[in-house]
Each structure stands twice: as structure tokens, then as C-alpha cells.
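Next come two complexes built around chain A: one with chain B, the other with chain C.
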Partner chain A sequence: MKDSVLTIRNLSVDYQIEAGRLQALRQVNIDVEKGAIVGVVGESGCGKSTLISSIIRLLPQNAIIRDGTVEFEGSNLLDLNDEEIRAMRGTKISVVFQDPMTSLNPVLSIQQQMMHIQYRDQNSRSEKLNKSLALLESVGIADPRTRISQFPHEYSGGMLQRISIAMALQAQPSLLIADEPTTALDATLEVQIIHLLKDIQSKVGCSVLFISHHLGVIAELCDSVVVMYAGEVVEHGTVRDVFHNPAHPYTRKLLECDPAGIQTKTRMLPVIPGEIPNLVNLSDGCIFRSRCQSALPICEMHVPRKHEITSTHSAKCHQLTA
Partner chain B sequence: MTTTLRVENVRVQFRVKSGLRSWLDKSTAASIDAVRDASFSLQKGETLALVGESGAGKSTLALAITGLERIAEGSIQFEGREVATMQSRELRKYRRNIGYMWQNAIGSLSPRMNVRSLITEPVKIHNVPNIDQRRLSNELLNLVGLSEEFGNRYPHQLSGGQARRVGVARALALNPQLIVADEPTAGLDVSVQGEILNLLNQLQDELKISMLVITHNLNVVRHTSDKIAIMYLGRIVEQGDTAEIFSKPRHPYTLALLSASPSPDPDMQAERIELKGEIPSPLNRPQGCEFHTRCPFVKDICTNTPPPFKVLSNSQALSCHFPR
Partner chain C sequence: MLPYILKRVGLGIIIVLLAVALLFCMIHLIPGDPARIVLGPRATPELIAAMSARLGLDLPFPVQIMRFFTNLLRGDLGMDVITNRPVVEIVIGQLPYTLWLIFCAIIFAGLIGIPLGCYSALHRNTLFDRISGVISVSFITTPAFVVALYALLIFAVALQWFPSVGAGDRGDWLDQAMHLVLPVFSIGLAWVGYLARLVRASMLEVMEESHIRTARAFGLSERRVIYHYALKLAILPTVSVIGVGMGYLLSAALLTEIVFSRPGIGKLIYDSVITRNYPVVMGSVLVSTILFVASTTMSDLVNAWLDPRTRSNL
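Let's turn to the complex of A and B:
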């Protein structure tokens, strides 16, 4: 077992809303090893935003962390005070967000923004500028010296995402969280960004937590994958484990649904019928049972436990233990 | 088979400088071509997919077809009638024939109207006489697979997939001959994408409408469309039957688009044609073949001579000096 950079144990987060308590995350366990790229597969409502916000401690006011720890380089992020967590953000942990058009400030030039984020360093202005130029160069922005003084609207979406990645890597963080960084981009640019992330990761040596609902991207980029459904980790394993031998019915369905995987023309594409259950006042039982085609009577009664299929592959489903 | 739509050599221009500025500064062009020399035809009951990256001119072409964007050259004929020369009164009447599904499903619904009034709004706007609006809205809701209870909801109470269904119902309200679906699956989860595509397929089989699907994701149209037109920088660079394009892509750009979609199998490292850089600006179109700046197979002739649009078989056509 290699060193872990991020270890999430039994993380449970609720939101206090009018209707009651919305259990957004329940007993989530995730390990990110040093230098590894871990993918999180999840559709809307699976809790991935809550997960990211818990790690960088940007949860909204009505969130309650019910249980669990988020160990990062030896300290529990959930125990840190405001000042300590602020020192972590951007230096040790940084995030690349989904939409580069909205994550950059439209009224400041790229130069201003890239210099601002180096406010912790004691370097001179010219040193900071040189560092910014080198960063832009490293993510493949041609002619950075003239382009750095431009504003976000003068760049294309793919370029802006490259800049976001450059800015996230500015302080050489040990953990990079990428929140659907390619969803807003065209297919040909998506491929470029994935290769860029892979390149940079091998150069900088940081760990990456890569969140996406695009199965193909995860298969190509990641070492291991965590499948989340409605606030739970339902399956976990290496990409080969999960994509070749999916153990959880949800993972199997998801792989079937992907239009990229269907080679012959069909007028009826497979879907997962039903919707994500309401997470307020949850009853007992498996969270996926209402949409599962092979649900057993036991699925109504107990939440399935984690079942180890191999030393690297585990899933939460009663059928594996029955 | 009757032709619903015939588009011939259409050019759409956008002015980038005001009159005075373009007169004073003649060094750069005053307008850009968002769509250039686009031609295709769509038969009744058929689906054509316009595929390309952002900036390829797909949406502009679709807007020109609905008469929302004026064309500079060429002709657009809908059931034999010329759209480009229609006056506003005629245009309004003509638009009844076209249902439009907008790209942003939730954003295109007014947040202050409930679903029932949203889906009967087209009927009110066009003053269709003798319509029982309540019955119509229930019929439409059933048609798109939503229960009648949804009629009382507001857009913020809908999920992405449900909003998409409301968009389909709205597009169908006037009983159109043609539906334009702009990125029908953008932003939807994988498990819901199939639902919307199945719905479109099913409606087309039942109602025999023609469809124009706009997307940047080739996988979306593999199962929905009969024909595909690949657009790059405002031009159609390859078109043909869907099956043919998927089995025998000839244009390097089509090849790149096809291989750009990573397969959900970690061991299948397909030989990928990765494109360098990004789509050039239409203000500054490359000389020769406009794709040569990103083409992995570029040769000398590509940099100076534009390739002709060659018809290869009765269905497939493309513009490339060295088709694969």
C-alpha cells in the first residue's frame, strides 16, 4: 500500500432543509494515493459537489457533518480552524472547476489574476510574472507574453480551461481536484485537456481526484474509480476491475447506457428507468432498490454492506453476499 | 419521397464592424461568414444531424432555416417555398411549421409560467382558433411521457430531463413538419440521454416529422439520424448516410471527431487522431483547405488550393484533397 494523500472515512453530510434532513452523503470512503489519479463517476444528485465542498470546507451554512474524517497529509481537514484551512486551499489542495468561463474573473486580465493568486510568495513582481508566463507555457498557450495581458473573453473555452489548470498548479499542490473539467468543452478539446492533465500529473507528481459523468474519460485517464449513487459509494476498484467486471447493478446499467458503447444502430437505447430517490428522511434498505431490476426482498430491509470481491475491488450489493 | 427542406449554397454573414468603422479601417474584413456554401436536403420523415465543434455554424444555419437569421446568399426552400424572400407576416405563418428545441432546456422556459401555459404558449402566439387548451396540454404531456400533474409545475421544479421533455412538448404544440433540436442531450446524465433520444425516435416514427439535430457529439446521432453533415468553420466538409459515415469516414476531421470520444474500456487505447490547436477564427480563414492548420495528414497542396466538394457515391460527399 502506497502512501495516501487523501483518506476519507465514513463521511456523512446532511443538509437541514424545510422538509427535514437531506442526507447528501452517507458513509463515504475514498482513498487517493500519492501520485494516483482517482476518478469519481456520478450523475447529478449523487453528492459529488457536496464531496468536493467537504474536502475544501466550502459547505453551505445549512450543512451538517454528521460523521467521518477527511485525512489529508496527516491532519483531519474537518478539525482545522478557518485560518488553517485557508492556508491549505490553493497551496496544498486546488480545484479546477467545470466552467472556465465563470471560474475566472471577467473584468481582470489573466496577468492580474495569475499574479494575485501568488500573494503568499515574497517574490518580486517580475519574478511572479515570469512564473505566470512559464505556467502558461507549460499548459500549451502559444505566445504567452502577449496573451497574458488579455481578458477571459478574448480566449476560447479550451484555452481558459488550460489557464485554470495552470493556475491550480501554481503552488504545486499535492492534491488537484478536477470537477468535470471537460464537460463544457468540445470533444476534440476534451481529448487535449485529458492528455494535458495526464502529462502535468506525471511531471508535477500530484494526486488527482477527477470527477466526471463521462465514463470514457475516466477509463482513459484514471487508475482507480469510485462509483457514487445518491450519496453513497456503491462500487470501488481499479479501472479494469470496474469497467471489465462491474459488480454493482448501477455500474452495469450505466455502462450499458453509454451511447459510446453501443456499436450497432438501434432505435431504442437502454436507459435506467426511475429517478434518484428523495434523500430526505431515508428509509432502510438499499438506495438503488427502486431502480434495480434484480432487487431481492432483503434489499428492502437492510443497507448492503461493502463486499470485497478482490483486494482492489469492492461493491455494496446484497447479491454479492447472497 | 417528398423533400421537406432544401438548402442550397447558403451563406450567413455577421457584421463585425459598424458602417463608419469599416469605411475608415479597410485592413480587416467588415463581416465574417458564419455559414458558407452550405447545401443539403431533408426528406419527409427523415433526420439529419449537423455535427461540429462550437463555432462551426450549426446553430446559425438552423436559425437561418427558421428565418430568424437573414441569409446573404443561396436559397432555403421549405416544401418548395423560398424562405429567404418571405416578408414578416409570411414568415410568422411559416414558423408554425417548425418546432424548435432550444439548447438550454431550463433557460428557454420562462420561470414565471407553469408547464401547462408554457406548452400552450405557441398556440396563443399564433392565434390558432378552436383549441381546447387544457385538452391540448394534457395530450402533449402524455405524448412526451409526463403525467398531467406536471402541468402545474414551474420550471425550477423540473429536472434537466423533464425540462427537456417540456421543450419537446412545446416544439410539438403547433403540429410542425420539422423539428430542430439544438443539442438535445447537452448537460444530461448518461442514463437520461437515452430517454430523450428514444422519445425523439418514437415521436418521429409516430408523427412522421422531419428532424434536424444539432450536436457536437457524434455518439448522440448514431442511433437517431438517417444522414449526417459534418461542419467545420461554417462549411459542410463531409456528408452522407449515418451508417456509411460511421463505417467509412473519409474526411480527416470526421475521423478525428469519431476517435475523439474515449471508449469506456481502459484496455482499448484506440489509435486516435488528435487535432492540434483549436478551430481558427472566421475573421482569419486559412488559405487553401480551411482544415489544413489542424489536419494531421496535411500536404503542400492543402495549404494553397481549396479542395472541391466531391460526390463519392450517391449519398456520400466531402471536400478533401486526400480522402482516407
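Let's turn to the complex of A and C:
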């Protein structure tokens, strides 16, 4: 095995809510190897953003990390104190957030925001400005010298996402996390941003944890995939493994429902019937059983264990072991 | 920014002119002859006719309004019917007292209310937050003249820390400042509570916005995130409210000036209404209108300076 940049083991996160404890993440394991692009896919509410917030330790106040470790370059991020984790943010680990229109400060110019994030550098103002301009140039912002003094509302969504990427790369992080960076953009922009990310990743050589619910994007960009369902990793493998030989019923359903993968003409888009179960007061058994068409009696009783299909491919389903 | 300033100031001038025209029409259309009102119930018809001629009330209405506006543009608001001094002189003489009072009250409210709101928002649901909430609400609900009366009784009469009557000696800055303390406290107190609640609410809202998470994800210090990234946004509604609030402070100032026998626009309006000094009433109301429009315009300009989105919108 190559050396890992990020190793998440048994990560479990709860949210304390009025109804009790919402178990948003349960025993999550994820590896990101050096220079790899790992995709995380799953429907809304399956805990993707919770996962990211746990890594950079920006969880909401009501979140409780119940169990697990997040090893990053040799230290457990969950053990660091506030100052130590802050020193990691934006330098070793950077994040590109979901909605570019709201993820930059509306009353500060792009220049101010790009200069502020370089506060750790000893460079002079003009050096910082030049670096910002070069970064904007590298993500394809035309005429950065005049545009840098503008404010977020003067840019289009696609441009703002390019700027967010430029800002995330400012300190040449070893891990770039992208939380659905293209969900708020239209399809052509999505392709552009994906190409940009791939391009930049090969230049900078950082590892990428790429969150999406768009399978096509994952297939295009990533080396390996983690499929999440309701707070659990249900399948994990290389893009080839998962897309050509899906082992978990949920993954199969996801692939069937991907509009891009539908061959025959239909009037109705296929959907996975049912919805994500309530994550408060979970009972035993497989988390997917209520929506699974091939559920067995055992699925009601025990949580399935991880089953290794090949050395790179694993899934959690009783059918694989039965 | 300059086009925005010009547009906003132009708009302000139009608003003042419209408001003044409206005021003028209202006074003339409501029943009752101003000349008769000025002179009181026992005036003879000859006296009333003479007063009408002096005030220009015998002319046709369009001529009157034209004359009023041309005089206004020349800075002439007519003559005080009692002392026969120009109204402009009287109003301008009283204006600084009220301006100082309102200005200091806003500063006092801002200096205490804004940090209080910020601190409460950042320490939400702590004991401090709850106590400051209760205190703020009780400040808001206590009328300024009640505060004024109690302040007078406690700090001026019983403890004798501050003087109780008037505005202090001309030229003696310290004396004038001492005379300002209680009136400023009286009309500013409600605003301390009001601003604290307002800033707390908008701060809580802004801290939940996703750009704050972005700022933190870049490792910016908590101080920069709060005082630079969040407060600059959270202060915007407060600036607008202060702009409009100057109008309310003006009416609070009226009662407070009476309680403390302070000179000022409020006292002037009160006295001239009592003595039915029609030109002075008109002049002071006009100045209050200008003051109100000027303060809302100012707050819009400050907002535009803070918020680039407003700047490009108009």
C-alpha cells in the first residue's frame, strides 16, 4: 500500500438534537493516498458535509465526535488543540465549499480576502498581491489586475468557484477537500471546473477528497470511490471496481438511477423507493434494509460486516457473505 | 461611490421639498385661520386682517406656496410673530443643543449597545446573555421621559452629581458637558437596549452564514472572523436603524428638553405651539424634517460605503 495522507478510522459523529442523538456518521473508514483523488458519493443527508467538518474540526456546536481517529500526516487531527488545528486549516488542508455564491464574504473584495488568507506569510503586500494575481490567472480569470478589486456579487458562480479553488491552493496544501464544488453550477461550468481541478491536481500534486452526488463526475475525476449511505460507508473501491462491478445493492441502485447511464428512452426517471431512515434511535440490522429489494432475514438482525471482494474493493452487505 | 452619493443626496433634497410642500398644504387645508390662532379668541376682525396681511395669508394659495418656496430657497422662514426676530435665527440658535443631545445619545447607545450585543451573540445562552437580554428589554420598554424624571430625582436632586436645569454656561465646555449627561442618558438608555438586541440578532444570523465557515476553514483567527468578517455585515441593519431612529430621538428629545428645561428644537416646538407662534412652529418642523432626511441619507451612505452590493444597486 502507498503512503496515506489521510486515514479515517471508525469515525462516529452524533448530533445532539431535541429528539435525542442523531447518529450522522457511524464507524466510517476512508483512506486517501498521496496524490490520489478519492470520491465520496451518496444522497443528500448521508453525512458528507459532516465528514468534512469533522476532518477540519469545524463541526456545529451540537456535534459530538463519539469515536474514531483522523490521521493526517502522522498526527490525529481529533487530538490537536484549537491552535494546532487552526494552523492546519488553509495550509495543509484546504476546502472548496458547495455554493460559491455564499461561501465568500459579500462585503470584502476578492483582493482583501485573498490577502487575508496569506496572513501567515512574511511577504510584503506587493508580493502577496502578485501571488494572488498569479493564482487567479492560473484558474483562468481573465484580466485579474482589474478584477481582483471587485466584490463577489460582481462575479458569476463559475468564476467564484474558480476563485475559491485558487484560494484553496494558495498555500499548496497536501489535501484538498471539495464539498460538491459543482452542485450549484450548470452542466457546462461543471465540466470546466472538473477539468480545472484535475489539471491543478496534476500540477500541484496534492491529494483530493472529492464529495459529490454526481456519479458521472466521480467517474471522470476520481481514482477510487467511497459510497456512503445514511452515515455509513457501504462500498469502497477503485472507480473500475465500483462502476463495473458494484457489490452493494445501494450502489447498484445509484448507478441505475444515474440519468447519464440510462440507455433506453423512458418518460419516468428511475428512483430508489423509500427514503433515508431516521438516524435517531437506530435499531440493529442493516441500515439499507428498508429500501433493499433483496433483503434477507439476517438483514433485520445484524449490521453487516465489511467484506473484502478484492484487495481494493469492499462492501458491507449480508448477501456477499451469505 | 460618487454617483451613488449624488443620487442619494439628490433624492434627499427631493424628499425634503415634498415633505415641506405637504406640510404647507396640510396647515392651510385644515380648518382654522392661522392668524386667528396666533392672536387668540379675543382678537378683533381688524387685528386678524392685519395679521393675515403680515403673514401673507390674504394672498391666493398658489402665490403663498410660491412665496414660501422662494423665501425658503433664500433661507428666509419668516418672522417670529412675538419677538419679531427672523425664525431662521431662532431655529439655528436652538439647533446645536438638540444636535449635541441626539448625537451624544447615539454615541452613548452605540458604545454600550453594540459591544453588548456582540458579546451576547458570541456567548449565546450563557448567564450573561440572559441577563443582558432582560436588561435590554426593560430599557427598551421604559419611556425616555420616565427615565428622565427618575434620573433627575436620583442623580440631580438626591445625589447632586449632575446639574438638573438648563444647558450650562456658554463657553464653559465642562459645564455644558455636565448638563448633557442626564438628558443623554435619558434618551439613550432605550437605544442601548435596542441596539444590543439588534446587533445580537444580526450577529447570530451572520455567524451561521457559510462564508464565516470558509473564513475559519482558511485558518483565520477568531478575532478577524468576528470583528472583520462578521461584524462588518452584522452592523448594516444597525446603521439603517440608527438613521431612522434619529427621528424618534428627536421626539424623545422634545420631552427630555422639557423635563430638564433645556433649550433645543424640542423645547422650541413646545413653546411655540403653546404660544401659537405659527411661523416658529413651521420653521422648527421644517428643520426637524431636514434633520430626519439628512440622518437617513447619512445612514444610507454609510451603508453603501460598508456594503458594495448597495452601492451598485441604485
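Throughout what follows, the second predicted complex is superposed on the first by the 321 of 322 C-alpha atoms of A that agree within 3 Å, B and C clash if a C-alpha of one lies under 4 Å from a C-alpha of the other, contacts with A are read in each partner's own complex, and residues count from 1 in each chain.
Quick note on the criterion: a contact is a pair of C-beta atoms (placed from the backbone, for glycine too) under 8 Å apart; a residue touches a chain by one contact, two chains touch by 3 or more.
These figures come from a predicted structure and were not determined experimentally.
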{"item": "Chain A as common anchor, with chain B and chain C clashing or fitting", "value": "fit"}
{"item": "Touched partner set for A:Met159, first chain B, second chain C, both or neither", "value": "first"}
{"item": "Partner with the higher number of touched chain A residues, chain C or chain B", "value": "B"}
{"item": "First (chain B), second (chain C), both or neither touched by A:Gly74", "value": "neither"}
{"item": "Three-chain overlay, vertex chain A: chain B-chain C angle, C-alpha, nearest 10 degrees", "value": "70"}
{"item": "Touched partner set for A:Thr91, first chain B, second chain C, both or neither", "value": "second"}
{"item": "Touched partner set for A:Val107, first chain B, second chain C, both or neither", "value": "second"}
{"item": "Which superposed partner A:Met167 touches (first chain B, second chain C, both, neither)", "value": "second"}
{"item": "First, second, both or neither for A:Ile194, with chain B first and chain C second", "value": "first"}
{"item": "Nearest-approach distance, in Å, of chain C Cα atoms to those of chain B in the combined model", "value": "9"}
{"item": "Overlapping contact positions on chain A, where the chain C interface meets the chain B interface", "value": "none"}
{"item": "Sites on chain B touched by chain A in the complex", "value": "53-54, 159-160, 187, 189-195, 197-198, 201-202, 205, 216-220, 222-223, 242-243, 256-257, 260-267, 269, 272, 274-275, 278-279"}
{"item": "Residues of chain A defined as touching chain B within the complex", "value": "43-44, 156-159, 183, 186-192, 194-195, 213-220, 239-240, 243-244, 253-255, 257-262, 265-272, 275"}
{"item": "For the chain C and chain A complex, residues of the former touching the latter", "value": "209-211, 213-221, 224, 228-229, 232-233, 306-309, 312"}
{"item": "Residues on chain A engaged by chain C in the complex (per definition of touch)", "value": "56, 58, 86-91, 94-95, 97-99, 102-109, 116-117, 119-120, 151, 153-154, 164, 167"}
